[in-house]
């Protein structure tokens, strides 16, 4: 680890921010098309973020402020560890568990900060967000554990690399189709896309955790959201859709996967939080368990694959 | 469907109203004494007038009376009934009809807020409903002047009768 | 009930990913904002040439958004106010009721809907036909016959049936209460009539009182400016109706008949109470009024309301002047005259009848006996028409004839000596009065009627009222309009007819009265008598030579200053015909004005 | 309201204003009947998002407060409360006649007449209610004003807080209602 | 867990209009709820006493913002009953056309507004854009998109513009092709089913207790209690239409009923255009004279029409003068919007509160007035 790693890390952050924010902008246009309209400019998301950064903001005590910094720090750290098409700023640290742990730090910071605002809607939102996390994490983790078990590796980069070379057939989503479906559903949950966005539902709880954020705080939250989106999509992309052999392939696949979640959520209403939990514990969990049993006991999809 | 005529004669027989009329197509108006309202409502509800459309009040300031109006509707006959009774404006007390029509509860609160009629038995009566921090006589009374109230509280814009050129005063657009 | 569900049904919405959006393009919103519909209720446009300034829009406005603004740059026009509506778009609710009720049809709404500003003050506009931003746009919402909010047609009164010409009963029966209420409900209270009325009567106010069924209040309004309400309710020249805002698109309100309705339908007690409510305690000051015509009576009444003691000198046996001796009975019944004069008498005015100033008493004597003198002697002489044969004894003049008829009907004089076939010369109301009176007298005397009337003016420009022409025609008046008198043909000392010739033009190039005739087109109207009703003249015998030299008399009218005061004789005032020509309502106005002037003069003298 | 029209912004402020102008989020609060024209403006037919605008659920996130028509005193209290929760720079747009001079409710005992007595209004849009095209044009104008640094109502509010507060108290009696449960 | 007080509204994205419900929640469950109306209170009933009979035309549509025409209709009906006016035949048919177009517009919008509380914004975007096409028709007819001020006492304000019938039929045909897509997107959606089915119940007893009318009443009782059928006004007795009913009233059923009512309204619109007399006057004056001095004979009358949310009525008192003596408004959502919230919102989850408001048909301006 040397200074260059930190430079790379910084560059990764910048690149990720630009890429993901652009993609978010484009996806806003995609949603708009679905809604029979043109939608915002593709760079609107940048404007929104910079506008928010420019505004004054209201603090609700040090927990509120510190939580934001903590979340952003945690998430930015996580981004650096995400392998992108074989490139890693800090090689060897792309363990699934490291990433999950760092992600949790970010989430915790957010929860702390939101709860620190003292707004009851925010508290309800945080409670819902954590419930939601619990809901999608269990099926997803079962699938990921299955994968780690089957491939004997917890390194995201390695798991991605192992799927390459066979085209589509090498993807874990194809090898473990039920697991792939679980992963995509869980991705919707992770990204907070409909139908699993009840923790930020504007019509129910006035956008939940975000309710007290404004100005610079909100700007940080937006940046954080972009990074988090990158982590979550990348994780699923690397683990289930084979990452990318080149940076271009990676970006293309990433864009397709992300856009896919967008168009799904575009035609979905949201579940109530209890329904979301019930849903995750019924359909994806069952699929995940079945997938796990199939892989562990039959080896179908991993050991037995062509 | 009962015919209008039989309905009117039934009402005349049962309620002994002071006055009945037919103000519109399939509509009956009956004026009763204030103490007859309860009985009349109960009777009519049994006759199929299951819906209380509105409960309201009229301020006859010249007669120094409030007139309470209960409008009922029978979905089976398609007939509206206006049941009216006058009470003293200086002593505006009446009893609630929420025991017969639970839906009257908010109407009574409204009439209390806007006219100052008190309905004994309606527990929420003294809570403000539409108005907040109201500081004048009930606003729908005839002796309340909204213009004067508005003038005293909410300043208006005084337009100067000066036009830059004789037309088109706007500087923008 | 369709309650089936399918996970695939929502996915069908994905097809819209590749379809053209329904969104309105940016250029249709910002660069060229989309046209609104042809009926769009946008901002107002007001055609200033048409606009009367009546302010009806501001009265219907449910939001109080319209203010009438004085515009001094506008030229003065009869029947137009120098006001234009200004709109406060901080109030307007774009309901377009103002458009629907606009009597002049000048107001409409444009299809324009954009006005943005950070200055709240800039939402107040005085629009003209180019709209509020001065860039003419298409007309949007306009009034049409369906959305009309005015009542354009008069409620007709009943007339006596056709055989009315057999008697002198008043031909117009007057409004029933219902009709009067309906007619009064047509008024838009613009007050243009008040401006046009020489006496500035409170017309909208008394019409409103009728509408509110408050007759006593209405009488009160009448007597504020006119003590001859009964007379004016019947034979006023109603200039007010000529300018009535409703007359622009429909029929003017029957202001005169409503006035008559008021005076006829008010109980006498209420009437007297209201009419005499203005009369005050006597103060020190005595005024002589010469002549008891409209201006004299008016002056006397208003002097009484100011507290002065008033003596009215009248040459004839009965007070009233033209209203007693001029108007025909079938238009102006005796009771009406009596009612008006009775009120004035009750107000404390003292009449000295049968006394002619200049003959029985001189003006100088009056000057010495009174503090001030008002002259309202009127046009008491008929203007002569010097055509061949005019000196024949069967050539009669309108004023003596009408006076004699009135006296005959009162039983004070013999029936005028009329022949079976007669001709009247003149096209004014007086000529028609003469003609129609003649018809009635002929009916009474001979059982038939044959009255011709010849006038210089053709039918379209006759100076008389329209209804005179119509009713006269119905009664059998034979009109020869556009023909001027040439000569009276006399055979054996008897008139056998009047030769008339076709008029080419009445005025010459300098707009002076100088008729030219087509000599080839002439004929003889058969008649045994010729009645001349071509105008009246004043008589100034009461002025001494010395006074005459200090007074300017132009075309028969004396020249006076403000309030009818003579410049060289501050104690002397004049009004009525001798100041402004023959017109009852003008006389009333002059009388009132002079009363104020006299009051001012006497007050200033006291100081 | 007299605003200082001179442009004395620093370059950073100009850049900031550029971003502010192109991303104006509105407070989604239907204060009056003009709000019925907001859904068409926001949704597919007129698609407000093309201007970078969108509705926001909370005042903290919002940049512009839309007063869509008349304000009853009861609402005005909440509006003032909301406005004070918003972060600067913040803007106020008045819709329609009612905000300018009381509109059709000029003689009502329950509604205020002039919005600019209580809040600094940056832009008024004429109409009753303004149609979506007018609203869109209004927003375009607001964006332009922000870009040029002309929308400075929030500064005015800060600088003349006493004056606004006094007006608010004069008309409302009490601005923040502590117990609004009516229990 | 402690009870927490929450405000649903007045400024809350889940609230339609400016209305407030104070909720005491335990976790996600509402323990107690109190409606707080009055944010839109403008004192209409007082203001109407201060305006001319005709001037009120500008005021009345504003009582119910999403569906203003019913106000005009019910006011006109009341005034006509008092004044004893016979409305010209053609005006009756034009009125029906306007009322049904308005019903289509408001039902389409409420179909889309389900997207608000459930988060399916695509539905909202589609539906409101669709409704806008009907507003274009109104603009062509009356000169304004929302506040038409078109139905007046005595008839309607103006005749139909040229070619209007054709435009209406075009839009109706287009709407009919689009409606199934709404059905697919909303009514068949499994997640909507999850949210709306067997949720937000309205049992028949509650209907009678509160006095709920309209779709709510019909969905619960199975009775075709529609004023257009029970007590027909205009010429509703001369057109054929069905009143969709159900006996099990959950949010989804009510949504389905609204959806089917749109089809019925389209059918009525077609029949109206077919049966409408081609010529004839479209209005008669209320009384002699100009609109400034129109008077209405003294009397008291209650007039009611079927709005999209139920029975909507005005009680009009005239003392024979140029202004009404008193007008009382019965907002169709009064029962469910006040007593209904107080008594029957409890027990639901916070998530359902705004869905409750939405599918019960609570329209705040007509409650507040």
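Things to note:
We just call them A, B, C, D and E in the order they show up, numbering each chain from 1.
As a working rule, contacts are C-beta pairs under 8 Å (C-beta built on N, C-alpha and C of every residue); 3 or more make two chains touch, one makes a residue touch a chain.
This one's a predicted model, so the numbers in the text were calculated from it and none came from an experiment.
Touching chain C and chain E at once are the following chains: A, B, D. Taking the mean of all protein Cα atoms as the centre, the chain whose own Cα mean lies nearest is E. Inter-chain contacts peak for the pair C-E, counting C-beta pairs in contact. Measuring from the averaged C-alpha position of chain B to that of chain E gives a distance of 21 Å. One finds 36 Å separating the Cα centroids of chain B and chain D.
Averaging Cα coordinates per chain places chain A and chain B 59 Å apart. Distance between chain centres (mean CA atoms), chain C to chain D: 56 Å.
For chain D, residues that reach two or more other chains under the stated contact definition are 43-45, 47, 50, 57, 59, 74, 100-102, 104, 106-111, 114, 128, 131, 141, 180, 182-183. Counting partners per residue, chain B has 128-129, 131-132, 139, 144, 146-147, 157, 159, 172-173 as the residues that reach two or more other chains.
Residues of chain E in contact with two or more other chains: 5, 12-13, 38, 41, 43, 46-47, 50, 58-59, 122, 125-126, 129, 147, 185, 189, 192, 368. Across the assembly, chains come into contact as A-C, A-D, A-E, B-C, B-D, B-E, C-D, C-E, D-E. If you check the complex, the residues on chain C that touch chain B are 67, 69-71, 73, 86, 88, 90, 114-128, 130, 132-134.
The residues of chain E lying in touch with chain D in their complex are 5, 10-13, 16-18, 22, 34, 36, 38-43, 46-47, 50, 58-59, 62, 65-66, 109, 124-126, 128-129, 131-132, 135, 145-147, 365, 368. Taken together, the chain B residues at the contact with chain C in this complex read 157, 159-161, 163, 165-173. Taken together, the chain B residues at the contact with chain D in this complex read 127-129, 131-133, 135-136, 139, 144, 146-147, 149-150, 153-157, 159, 172-173.
For chain C in complex with chain E, the touching residues are 1-7, 9-10, 12-13, 22, 36-41, 56, 59-63, 93-97, 100-101, 109, 140-141, 144, 146-147, 149-151, 155, 181-182, 184-189, 211.
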